[in-house]
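Sharing a structure with you now.
A, B, C, D and E label the chains in the order they appear, each numbered from 1.
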Amino acid sequence: MTVALWVVPAVPLAGFLLCILLGRRLGKGFVSAIGVGSVGLATVAAWTRLVPYLAGSGAPEVERIAPWIDAGNLSVDISLRLDPLSGLMISFVTFVGFLIHVYSIGYMKHDETDAGYARYFAYMNLFMFSMLTLVLANNFALLFVGWEGVGLCSYLLIGYYFEKDFAAAAGKKAFVVNRIGDFGFLLGMFGLFSLFGTLDFDGVFSRAASDPARFGPGLTVVCLLLFVGATGKSAQVPLHVWLPDAMAGPTPVSALIHAATMVTAGVYMVTRCNVLFRLAPEAMFVVAVVGGVTAIFAAVIAIAQTDIKRVLAYSTVSQLGYMFLACGVGAYVAGMFHVLTHAAFKACLFLGSGAVIHALGGEQDVRRMGGLARRLPVTYRTFLVAALALAGIPPLAGFFSKDAILTGVFAAHRPILFALGLFTAGLTAFYMLRLVSLTFAGEFRGTPEQAHHVHEAPPAMTLPLVVLAFLSATLGFLGLPEVFGERANRIAAFLAPVLPPLAVPGREAEAHHVAASTEWLLMGVSVAVAVAGLLLAWKWYAKEKGRPAERFKARFPGLHALVVDKFRIDELYDRLFVRPFAWLARVLWKVVDVLLIDGVLNAGAFVVELTGDALRFLQTGNVRNYALTFLLGVVALVLLVLGGM
Amino acid sequence: MIAGGIPLGDVLLASGALFVIGLVGALLRRNAITIFLSIELMMNGANLAVLGYAAALNSVEGQVVVFFVIAIAAAEAAVGLAIFVALFRHTETIDVNRINLLKW
Amino acid sequence: MTATRLVFDAAAALAILFACVMVVHRNPVKSVLALVVSFFALAVAYVLLAAPLIAAIQVIVYAGAILVLFLFVLMLLNVPEERRQGSSRPIHQVLSGAAILVFGAALLALLRSHGATRTEPVAVSAAGPSDVATTSRLLFSEHLLSFEALSVLLLAALVGAFALARREDPA
Amino acid sequence: MSALFDGQPLTELVFLPTVAALLLLLFPQRRSREAKIFAIAASLAEFALSIPLWTRFNVVSGGFQFVEKADWIPALGISYIVGIDGISLVLILLTTILTPVSLLYSLTHVEKSARAFSIAFLVLETGVIGTLVALDLALFYVFWEVMLVPMYFIIGIWGGSRRIYAAMKFFLFTMAGSLLMFLAILYLAIRHHAESGRWSFLLADLALVSYPSMAIETVLFLAFALAFAIKVPVFPLHTWLPDAHTEAPTAGSIILAGILLKLGVYGYLRFALPLFPDAATRFAPWLGVLGVIGVVYGALVAHAQKDMKRLVAYSSVSHLGLVVIGIGAFTGAAMTGAVLQMVNHGLSTGALFLLVGVLYERRHTREIADYGGIAGVVPITTGLFLVATFSSIGLPGLNGFIGEFLILLGTWTSDHRWWAVAAATGVVLSAIYMLSLVQRVFWGPLTREENRRIPEIRGTELVAAGALVLLMIWIGVRPNYFLDRLRPSVEEIRRSVELRKTAQRAPVALRPAAGVRP
Amino acid sequence: MSFVTFGPGELAAAAPEIVLAAAGCVMILLDAFAPSSRRWLATLSLAAIAASSWFLIQAPSGTSFSARYETSDLTVAAGLFAAATAAIAILVAKPYLRRTGEERGEFYALLLWGHLGVSLMVRGLDLLVVFIGLETLSLSFYVLAAFFRKIPASSEAGLKYFLTGAFASAFTLYGIALLFGKSGSVRIAALSRPDLATDPLVTFALLLLLVGFGFKMSLAPFHAWAPDVYQGMPTPAVAYLSVAPKGASLIVLFRVLAAVFESGMPDRFRAGIAALAILSMSLGNVVALAQRDIKRLLAYSGIAHMGYVAIALAVFGREALAAVIVYFFAYVVSNAGAFAAVSALYRDETKPHPVGLLAGEGRRSPFPSAVLALCLFSLAGIPATAGFIGKFFVFKAAIEKELYALAVIGVVNSLVSIGYYLKIVYVLYMRDPVGDDVPPPLAPADRLALLLCGAGILVLGIFPATLWDLARRAAASLTLGP
């Protein structure tokens, strides 16, 4: 039997309702059962649909659940869509999500009240629901529901420790920045609607493909607007500022939302719209550039960070940049492949860091860690595997996906971007090993009683680590380069249906095939760069205890400070937008509202009253004056009526 | 030319003059009684006009009118003087400049 | 320039003259007396205007009864002369003067122009319908209503005057 | 219930509250609680009465339904004629829901002469519903003005510290607008009489009047537009709103923001558009621009507020600006969205005012600075407030999004694409000021001692708020349930305007539609 | 000319006035010779009013007293309106006079006779009758103004009313004299001669009449007496004076102008009236804003309202007359009602009546306050009240005549007026009581008067159709004699 698609998101939704309404009363055990159970069920449901589907043709299956909005000439349904792309997404969203839920049990159990615990799982379930809606949606409007839904959950979960000012602020920041993106996304949607008169995927894409020449210019604008949405959601420059702050949330949240799933929604969306983007080359170029710049920019910042989660956060930003770079050069498969692998190893890394923080009782500063390899063996090993995978060491997953991207960039004849990507690969390797060394190598630099308390995490936490580490090691084989054979790249074959061939007017964008020799060469280069990065980091931080870094710092203090301060982008925005906004608001209120509008009106009223007060003294109380006014009236009247007669 | 050759113009001018003089008194005197006298004068001006016209029109109605007016004037005088007396009991004056409890 | 007109103009002039005296005089008693004279003069004018009945009434009721009533009241209250000082603001005087001038000018101009261009029928004879009988008959036939109404009016005045002027009743 | 419908459903609907108010007069003044409960019962009965309208409403017709007609001043052709189309229907339901909600809320809060309070509310409800059903301009004007009086008392007697100023301002502003409209109505009727030799104040008849010149039509249109613009309120005529909303008692604010503001837009749709199609079309751009200004301006000023109620009040300016844009854009989607957005705003802002009121009753301050970090103290209140907030900033899945989306999309597809762009910034701005509010009030460390033991929302408050939240979700998930009823009516209005613009005038309203009972 | 001019017709026609005159005498006699019967005087007066209205309705329509006296729908309507005012005044007077220990026959007698004067003004087709009516009214109310001999303010009010009144009636008289001269008769009918309409002297005379009766209507700038007199005069008398004489004066003006300007009012004359209207509305409303004493405030509001009425006069014509009649019916219930409430709410007559004294009355004495508020909303012209209906028809007439400027100025003014009406409502309901003494129970007569006014306001405001038809018929019957 086949489960209806709507079940997949519905189950977490039910979980959410149960937790939020009853959770506080039912206690932790029950909540964990519901919270994890619902996601588990969703996973099962998803895979029971997927398994037969993988065997099948890959033709999209659309399930129309109900009409949603009908007004004017707009008509939107609530309908879900299962096709290779969404299939790929739900496969790992559900699974990784499940693992992280399991992990959360261990992570959250101790330091939370029943209410807080229930709230946590409720939000997590709500997130699962939103994310699944996002990827399963069959039209832009419904996608936007999920799109904003995940934003909401990220807002709620970042602000989970609401009594911390920083957390509250971070949550708001995340939501507002996302909203800026959504602003673009909305307009993009409107653009699509006015171009194609529908918001259904099939309708839009088929019409777009049917007559590329006609929609070309309009599409460029639309795609750029959609991409604005993506930059917001996926923390690309210049809207990347929220993601690092988002680390204020509980670590599993960072793992699930801000590493594995939500942040990749942008990539998913762009890939989903690949037809449109491919018809708008300029837009694609922009995507590629933004992606490339973000990749290196974030990587550079990551080098200098000392907060373990921040390093990972910036690395996430940078990796997302990679994915957009891939999309930008048309290597959508590579992009999605990287989404997949990244989900595995980055989740693993975050959970690992979570285990470390957990072990050190909330300590996040790597400068007060070190030498934990012995104390936290499982964590250490899994962390290392994931780190190497991220660094792109063959045959781990990261290597293949990253290599696929670089190949794509190279094949698209974008040398500069290729250089960027390559360099970033080196940086990535460098900062990851820096992180590993600082955390696990050397001797412990924290306080004694921290040292005393250090303990390996409970199985609920380590189990997911192991699974994810395994995935990070193996997933890569889903997308072997073609040099390993025609059908080696299963992902590509699988995703083929959602990347239909297009006759792009003007230039011939498809067929990015490179000779096998070149491909080998590229692999070699990337491996070399990665290894170089690793070795350097190892030398500086593991062997020489970071003294070279100190020297570097001493030589270029300004540069170092700049990098540590993340290039002071936040400060810049504060100057450019936040403060002027507040100032303008006050001025408008005090000047326009109070002074001008009300001022004028009240002044008018005041004048009238004043006149009254003045005129009332004409009533002197003296009869003769009354007689006089009378006579004056008569005279005036006579002159007015008879004057000139 | 009317009765025995008195031009109506003269009569009317005279009545107008009386009316205006009454006006002067009513506006410029401060003694309530004098003011009232002036008003009586204005009414007499009106009477004169009526009689003049009556004569000119050779109608008796005019005299009836004046008859009534005089009667009314008498009544007014009675009431007015009563009011003056009643007021005088309070204020000890009938100088209208000094009678202004009620104002503004 | 007939004799009657001469006499009329003289009477009118006299009336106006004493009217002025009445207005300008500060002593109310003297004002009343001046007004008496002016009313006598008017009575003469009325006679010339073929209204002997009215003339009589003017003398008896007006000059006689009403003004004497004034005198009584004046005596009763022994109102002092208007003092020069304490007079009201000059603005009042000025405006009054101006208003009166304009009004008077307009009035007299209208009356004169009118007197010049008369359209009324001219009287047949001085001693035509003006005998007392006609007047009285008119009074009780045509103007019966007014006459009856007048009685109410006088009653009201009487009661009113009584209500105001009597001393406080002990109750 | 169906028996009612052989009678006159609308008349009953209009006057039931008044009857109840009269009955309340019989209550002894002391028994305030009983009076309040009676009032709640009455308003619930009213709600029950309005449900059959909804169920028996003929969804396919855009014409007026349940029409009743009776002579009022025959000599002038002024008649008591009522009828509803989808737009009135939706707003009526909103009214019959919000009134019991606010009365429920007041049950525990209004102490001072509660009987008078209940009476004022019931009379107000009559005024509102009358305004929504009247199809005769004289009748409409009467109801339109009658609303002011109870509202004046509600603000002035049960309001906050500056209530007098606020009440007076509210009354004078609204009056100032409607008096000129009054003259315009007279002119129309006289003009119609001159043309047809027959007196009438029927919308249907007056809509056939032909104007001697464009200038005159413009003047008349402006007279109407001013009245409605003040009520909405459109920038820069909005300054009465913050004062009125802030000073009014919570229940008053709910009704004020929830319903009264909508009547401005309603009046524009129902009367100004059909009566002055050319002028309306000519001025539509101005309308849109003012709407855009309203959206941005309201949002900005809201951000600057230190007083919770004031902030919410200014957010109304912003939201109504969006509605105005929708009307100005004049596309099907935009107008439908605008009408729906009125309901949404009624629910979300109503809920916000209610919850602010809940806090105010407990802490007796509306200063944002006096709160902070109370989410832990009053989690349920916080949760409800969050839902209301996200509804008001248009989060998909809740009602706010539907209206916003339709308006913006419709506007984008109209000739004024840039309005949509400008107005869409509201999406960002609203998030900024509302979330700042949430952050400053509910989140962060719990600094003040007196905030530690704020009692949680309870009893009738919870019921009232819960009802609103459910509606928000309902509309957000199944908007069609409402849109289906709006679509034909909106199309009807657009059709009539299009027809009228072409010199040949077609009968506008009262097209006999299925379900009309003569 | 025939001698016998008093037949059954005349008797029937004059019956209403005869009743009033007789009733007045009865009051005096009872008061003089049976002081114990004083507490029945009010009831008797009411009976008299009722009887005279009944006779009025019974009287066969047509003219009598050799066509100097009229009975028509117009006079009936006007008579009823005046009778209603008188009834309210008397109801209010009873408890009022009792409180002040001044319950004397003269008061009722003078009120009845003054009412008689109003009736003469309304029904007279002869300037002489009208003038006598005017004087009867005036003399009675001069006395009523000064009725409280113990209170200086009252005597002063009497003096001021008397002097200004006499002054004004001198102008009226001169106008009558000129009209008599030009038309050769005191009959109003005689004025309808084509040559008179354009004669400057006639226009001048009409202006003198306009100011004379404008004075009675307290049209600015002939209004100055009103505030002082209202303040000093016993409130019940004000309730009458502030309504009925104004209506009567307006009808007289309508009669005379209709006679002279058969073929339409010349524009310059209309301009003159319009000027008075604008001045009255603006001055009345603006100065009322600054008033502290409620009776003065109502006086100014009355001045403003006469401005609205003057709009109708400027419009001129039967529709306008009908509008005016409706307006005055609305004005009775609103304005007389307001004064009734004032006399019920202010318990100490000897002191002035500052608005502030009403603080919190809304809760202390709910019923009178509610009626007062209702009256004020009606005066402000809020729909569903009588006041709105009055304004409605006046403005309709103005717009029909295309006097748009007047209409706009009118509505702007009513906006201003809301300012001070609401100020009173605010004091009533939104201020806390000054003292916590328990107010004395409301006198039944007061309760009845207030009830009538409140009911009237709402009924006329919600079901005006009948009134409008009545007014239309009345206006249609505006005859100028044979």
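As a convention for this text, contacts are C-beta pairs under 8 Å (C-beta built on N, C-alpha and C of every residue); 3 or more make two chains touch, one makes a residue touch a chain.
On a predicted model such as this, the values are computed, not experimentally measured, just so you know.
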Chain closest to the assembly centre - both centres taken as Cα means: D
Most distant chain from subunit C by Cα centroid: A
Busiest interface, counted in C-beta pairs: B-C
Subunit D-subunit E separation of Cα centroids, rounded to whole Å: 43
Centre-to-centre distance between subunit D and subunit B (centres being mean Cα positions), rounded to whole Å: 66
Geometric centre distance via CA averages, subunit C-subunit A, whole Å: 104
Intercentroid distance (Cα basis), subunit C paired with subunit B, Å: 5
Junction residues of subunit B, two or more chains touched: 15, 19, 22-23, 26-28, 30, 35, 47, 52-53, 56-57, 59, 61-62, 64, 68, 72, 75-76, 79, 82-84, 86, 94, 96-97, 99-103
Residues of subunit C touching at least two other chains: 88, 96, 99-100, 103, 106-107, 110-111, 114, 120, 138, 142-143, 146, 150, 153, 156-157, 160-162, 164
Numbers and ranges of subunit A residues touching at least 2 other chains: 605, 616, 619, 621-625, 627-628, 631-632, 634, 638, 642
Which pairs of chains touch, using the document's own definition: A-B, A-C, A-D, A-E, B-C, B-E, C-E, D-E
Subunit D partner contacts - residues on subunit E that touch it in the complex: 363, 366, 377, 382-384, 388, 392, 395-396, 399-400, 404, 407-408, 411-412, 414-415, 418-419, 422, 425-426, 429-430, 464-465, 468-469, 472
Subunit C to subunit E touching residues, read off their complex: 106-107, 110-111, 113-114, 119-120, 137-138, 140-146, 148-150, 152-153, 155-157, 159-164, 168, 171
List of subunit C residues in touch with subunit A within their complex: 88, 92, 95-96, 99-100, 102-103, 106, 110
Subunit B - residues contacting subunit A, complex: 23, 26-28, 30, 35, 96-97, 99-104
Subunit E-touching residues of subunit B, taken from the complex the two chains share: 15, 19, 22, 26, 32, 35-36, 39, 42-43, 45-47, 49-50, 52-53, 56-57, 59, 61-62, 64-65, 68-69, 72, 75-76, 79-80, 82-84, 86-87, 89-91, 94, 96, 99-103
